[in-house]
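Paired with subunit B in one complex and with subunit C in the other, subunit A is shared by the two complexes that follow.
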Partner chain A sequence: MPSVSTRSSVTPWLFLTPAFVVIALILLYPVFSGVRLSFFSYSMRDFAVGADPTFVGLDNFRHLFASPHFRNSIRVTLTFVGSVVALEMVVGLALALLMEDEKLKGLRLFRTLFVLPIMIAPVVVGLVWRFMYHPSYGILNYFLQTLGADPVMWLSDPGMALPSIIIADVWQWTPFVFLIVLAGLQSVPKDLTEAGIVDGCSYLQNLFHIKLPMIGSVLLVAAILRLIDAFRALVVIFVMTYGGPGVSTEVLSLHLYKTAFTAQRLGRASAVAVILLGILLILSATLAIRTLRSERR
Partner chain B sequence: MFRKIWTLLSIVVMCTLVAGGLWAAGQAEEEAVGPGLEAPDEFDWRAFEGETVVASFPSHVAYDAAVELIPEFEELTGINVELDQVAYMRLNDAQLLEMSKPRGDYDLIAAVVMWKLEYAEPGLVRPLAPFFDEEGLTMPGYDFDDLVDAYVENTGMVGGDKPYLGGEGAELYGVPLGAETSLLGYRADLFEEHGIDVPQTYDELVEVSRYFAEEVDGIYGLAMRGASGHQATHSWLMHASPFGASVFDENWEPTVASDESIATLEFMQKMIEYGPPGMTGFDQDGQFNAFLQGDTAMYLDASVIAGPARDPDRSQIVDEVAFARHPEGPASALSQTGGFGLMIPSNAQNPEAAFLLMQWLTSPEIERRAAMKGAGPVRYSTMEDPEMQQMFPEYVVLREQVDYATPDWRPIIPEWGEINQEIGIGVNEVLTGAKEPREAMEEVEPRIRSIMEEAGYYD
Partner chain C sequence: MGTQASTSHEKPETSEEARKPRQPILKAHTRKLVIRGMRYAFIIVGALVVLFPIYLMITTSLKPRVLAFAIPPHWTFIPTLGSYQIVLFQANFVRFFFNSLTVALGATLGSVLIAALASYGLVRFQIRGGGVFLALTLILKMIPEVILLVPVFLLWNSLGLINTRIGLILVYVALNLAFNIWIIRAFMMDIPRELEQSAEIDGCPELTIFSRIMLPLVAPGMSVAAIFTFRLAWNEFVLGLALTDRFTRTLPVAVSNYITDVGVQWGPITAIATIIAVPAFLFTFFAARSLISGLTAGAVKG
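The block that comes next holds the complex of A and B.
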């Protein structure tokens, strides 16, 4: 008969086993086979005729870093991610600060309205913005022309397309930041801010020295979640520009899609995926470490 | 209790029998009205009775029309037809997946012409000659030679003068259904009002575009696709043949930076200048809308627009639109070929029954009836029929145009998907003004060469 201590040390592992098996099957296996495929040359056609992938070592990666399209897509991705996350954090925080006061009239209604964009399917967001940006029939150019301004070629001007997509993404995801930050602000104990006011703090002093330091970890979580999501953004851009004009809005995920399904190079596409995965892993690890640390505190 | 259940069951059974009987009577009545084709005595329509044909079709006007008629085929042959109809962009993956299995679920597939080599070269689809040669399989009155030659070569021929063309050694793998060429669509009312002749050359096309854009308020010249990638490549290729430009020379060396190609791009730049705002972002829908909503005086692209142009839900110019031949360029008067073809997978479970459906759908009489529902014709006889011409005046022009349709305007090789993207990025950069034509094409050319080199074309 096993002793009590042995039983108690084995039992938790037994309970965990099914979860481990499921995760290994649906998560680890695809990731490992994706990483493996990135060292092979393999096309849809090879797949159809049952041909085996050819081992090419690091060729896929070498080819990627030599390709101007890939380097461009890295640049576009960094511009896109940097802009949307910065804008969403600033606007989301500002909105949360505005809506923080429980006594504001109609607050609930506004909060509900603000959250609506998150609920809309990305394909629909892409289509709606595409119509709004339409050069002849779009509502934005209609307003511009009513005001006597020249129409803007939102999605077909190489200089305007990326900013236009950034606007759409900010519209959709600012509410997400807003929600998280609002929850953070409401958890700041009232007596702290009130004590600040009693001591003669201005609004800004109160904000920068009391509220923001208090919700620092919340802001970090919001920023990292948005970063991870923005790196994977595909559908809205796919629908709005499909990477055009030229390659001015071709983000990494779209480059991956085109490599896999237009050029039909599954191995090389896997290499893009591995690079994207690497970037996301670093970001997620940062998130996990920071969260753990703040919890320990 | 048992008695109650027994009574209830009897009622249900009786109701089912009565309903079934009524339904059968209805069916019999429909049968008396007659299926689409009268079966001559010598051909056994019911040879494959009871078999099931699974067809992979796109959502496309020609296939929507065909699908409506298929119940008559089932009636006539006793073959059960199951349809898997999806957006055409999703067909390729689904078909490849099915054809990679030892026993596929698809017996008949509709493939975009660009995929034919991808399917035929590794033997994923069957050559059709054995079917046509087998006694008792070819339906009476099918008349293969009546199918438009350029369409047959474009959709079906593999392994001839070039891998994707007919000629010596070529084999037939597909039969066109939903195939098309290019036509010039124009606003007859505007042309009459301003006393302008329909352009017959590219020079006249430029001049007429300029006239409408500069002299007529609220009207632009030509509706053209321009979006980055496939759309821009499509436009460039379609104008390239008239200008004498091509993607490759006879040794597979890319020639997209040739003088002819630059001239093509300079023409397209003018069309952007005289075109509606935002045309550099137009896909086919954007192009259709610009013309059908009355923004442009002209349209030059796939003939499939004739259907939507007549549809009051989509078109503001139903009574004003007219069609003319694709204008003649400095080098030729050639027009494009494209669309879909029907093929039979090698792993099909009921290939003979599928062959029967393939013939039936592309037979003269069914084609005429599908044409009434908006499908574009692929047979000379349909285009030449005075009755059909009365209903669809563009058939007169279409009949002339198909003699100039070339299957060699676009190199259908397995590497085309990637090359298509590369050219389309370069062309779009020219159209948006980001790069000069020669600069852009001199950047694209080495990329095409490296794709071809990697694929072993120069070994």
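The block that comes next holds the complex of A and C.
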């Protein structure tokens, strides 16, 4: 009887080879060459005239940490990431708890509608919010004025630009947290919460002692996924403010883009990339370990 | 929502009494109705907030030119396709549209096929190091486009792939490959091994088992993978900006140029934005279940 072992041992590798080649050539090699380039001085000009990169050791990193511009972008990134993830987790969880009751009519429809912001291109999201934030013919200022409030210079006021971007991100990504948490809540066995009710648990007791502990790991994964994505966020900000006014909304990924294509310093941009990659690797390794553990179970 | 506590008992009671609801049944019923009504109210407000920007985009694209900027806004108007006409007859719109479509379809086909092959290899043969490979793909999933920007720009220049659609397709194939392998593998794991084994005994070549037996069975998983790859390639902006020129650029890149080129023509801008969003609408309304399973994959077991 033929079994897997009598078949050619080359066969499995034939199936895996295309994936290996693509990952090695288009992901791993560029990442490694990017890390290598972060130790070199190399400009767009060097590239244009065909000059070789010059090895400078850790100079790029030293420059970065001494640069107020870079430190500002770290600060902006942390403010942005911290705010959006905290807000999205709280609002997403609240919405999921509101809609968890499966007897609610139209639940499926609402769940479907909530997918829309996630699917729409970041460019489009940026454009639409830029339109709504427009100081004179934006709809938000019109609403404010109707309510008797003063108009806000959403994107052109250095103090308001980052909060405005945070609002747009919360609009786009809260539904993502909501969907994950809702799926988690619906997988909590019904008898558990019913047992709580029979024993006279109040809604809040039920929530804090039964439901939340049951979906703890789901909440953690949702938070890590959002953290990773928030550190990567770029396009919506690119379209809405391009980092401005001044550098008040210049997150790390936008700083990277500008260092490469405006300042044309490819070596230094690679150093920014290494730092961003480091942050994301820590986050994604945490997630990978957790996922593999639950796979094995 | 502390009000929802249905059976409150301040005084010490015997356990038997505590189990009985103390309020009259009718009162508990009205309270339930009120709470349900409040839930609906919150949900509807939430839905309005989610939908309003999208509604605004679509209606602005359909407004006559003079009304697009008008404040106070005209909530009712006679829709016109004027903005779409401007966009469609713009010299290069059709070219950009087909660039986007080619790149998105090419990337989807390539990435799903390669991922299906790899998943089959991983699931069917117990390969040593398969677990390590999976962990690696999970981490690769997190690589942001912007980190690939400089190295791929340099590499594509030296390989002659810069400013080509195939160059862009290759990057997108790679970017979504890890997610696709993860999804398709999960679907393949649910398929009983006996199925392949009996085909094997019948002397089916490996490739036939893969294409005739496996692929049709994991079609739902492949459609999730396909939707998400299409979404990535159709929506992606930064790599598109850096790796294409004015002949090969995609729609998201083209629309961003529109702002600087024409200033603030919100009619045409919202028209292109709406066109870019069409696949998102289609996927949402026709494949919501696939979308949700893809979005929550890995976070929720089962």
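Everything below uses one rule, namely that the second predicted complex is superposed on the first by the 268 of 297 C-alpha atoms of A that agree within 3 Å, B and C clash if a C-alpha of one lies under 4 Å from a C-alpha of the other, contacts with A are read in each partner's own complex, and residues count from 1 in each chain.
We adopt the following convention: contacts are C-beta pairs under 8 Å (C-beta built on N, C-alpha and C of every residue); 3 or more make two chains touch, one makes a residue touch a chain.
Just so we're clear, the structure is a prediction, and the values are computed from it rather than from any experiment.
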{"item": "Subunit B versus subunit C as contact partner of A:W13, first or second or both or neither", "value": "second"}
{"item": "First (subunit B), second (subunit C), both or neither touched by A:M119", "value": "second"}
{"item": "Contacts of A:Y242 with subunit B and subunit C, given as first, second, both or neither", "value": "first"}
{"item": "Touching partner for A:F47 - first (subunit B), second (subunit C), both, neither", "value": "both"}
{"item": "Which of subunit B and subunit C A:G57 touches, first, second, both or neither", "value": "neither"}
{"item": "Subunit B versus subunit C as contact partner of A:A288, first or second or both or neither", "value": "second"}
{"item": "Which of subunit B and subunit C A:P151 touches, first, second, both or neither", "value": "first"}
{"item": "Winner by number of subunit A residues touched, once subunit B and subunit C are compared", "value": "C"}
{"item": "Which of subunit B and subunit C A:S136 touches, first, second, both or neither", "value": "both"}
{"item": "Which of subunit B and subunit C A:L280 touches, first, second, both or neither", "value": "second"}
{"item": "Shared subunit A contacts, counted only where both subunit B and subunit C touch the same residue", "value": "47, 134, 136, 261"}
{"item": "Parts of subunit A lying in touch with subunit C, wherever the complex brings them together", "value": "1-2, 4, 7, 11-16, 18-19, 22-23, 25-27, 29-31, 33-34, 37, 47, 95, 98-99, 101, 104, 108, 110-125, 127-129, 131-132, 134, 136-137, 139, 142, 146, 171, 175-176, 179-180, 183-184, 187, 197-198, 200, 202-204, 218, 221-222, 225, 228, 231-232, 234-235, 238-239, 253, 256-257, 260-261, 266, 269-270, 273, 276-277, 280-281, 283-285, 287-288, 291-292, 294"}
{"item": "List of subunit C residues in touch with subunit A within their complex", "value": "1-2, 4-9, 18-19, 36, 39-40, 42-43, 46-47, 49-51, 53-54, 56-57, 60, 69-73, 114-115, 117-118, 120-122, 124-125, 127, 131, 133-155, 157, 170-171, 173-175, 177-178, 181, 200-201, 206, 210, 231, 234-235, 237-238, 242, 252, 255-256, 259, 264, 266, 269-270, 273, 276-277, 280-281, 283-285, 288, 291-292, 295-296, 298-302"}
{"item": "In the complex, subunit A residues that touch subunit B", "value": "44-45, 47-50, 69, 134-136, 151, 153, 155-158, 241-247, 258, 261-265"}
{"item": "Complex contacts: residues of subunit B adjacent to subunit A", "value": "93, 96-97, 99-100, 118, 122-124, 226-229, 276-281, 290, 295, 414, 417-418, 420-421, 425, 428-429, 432, 434"}
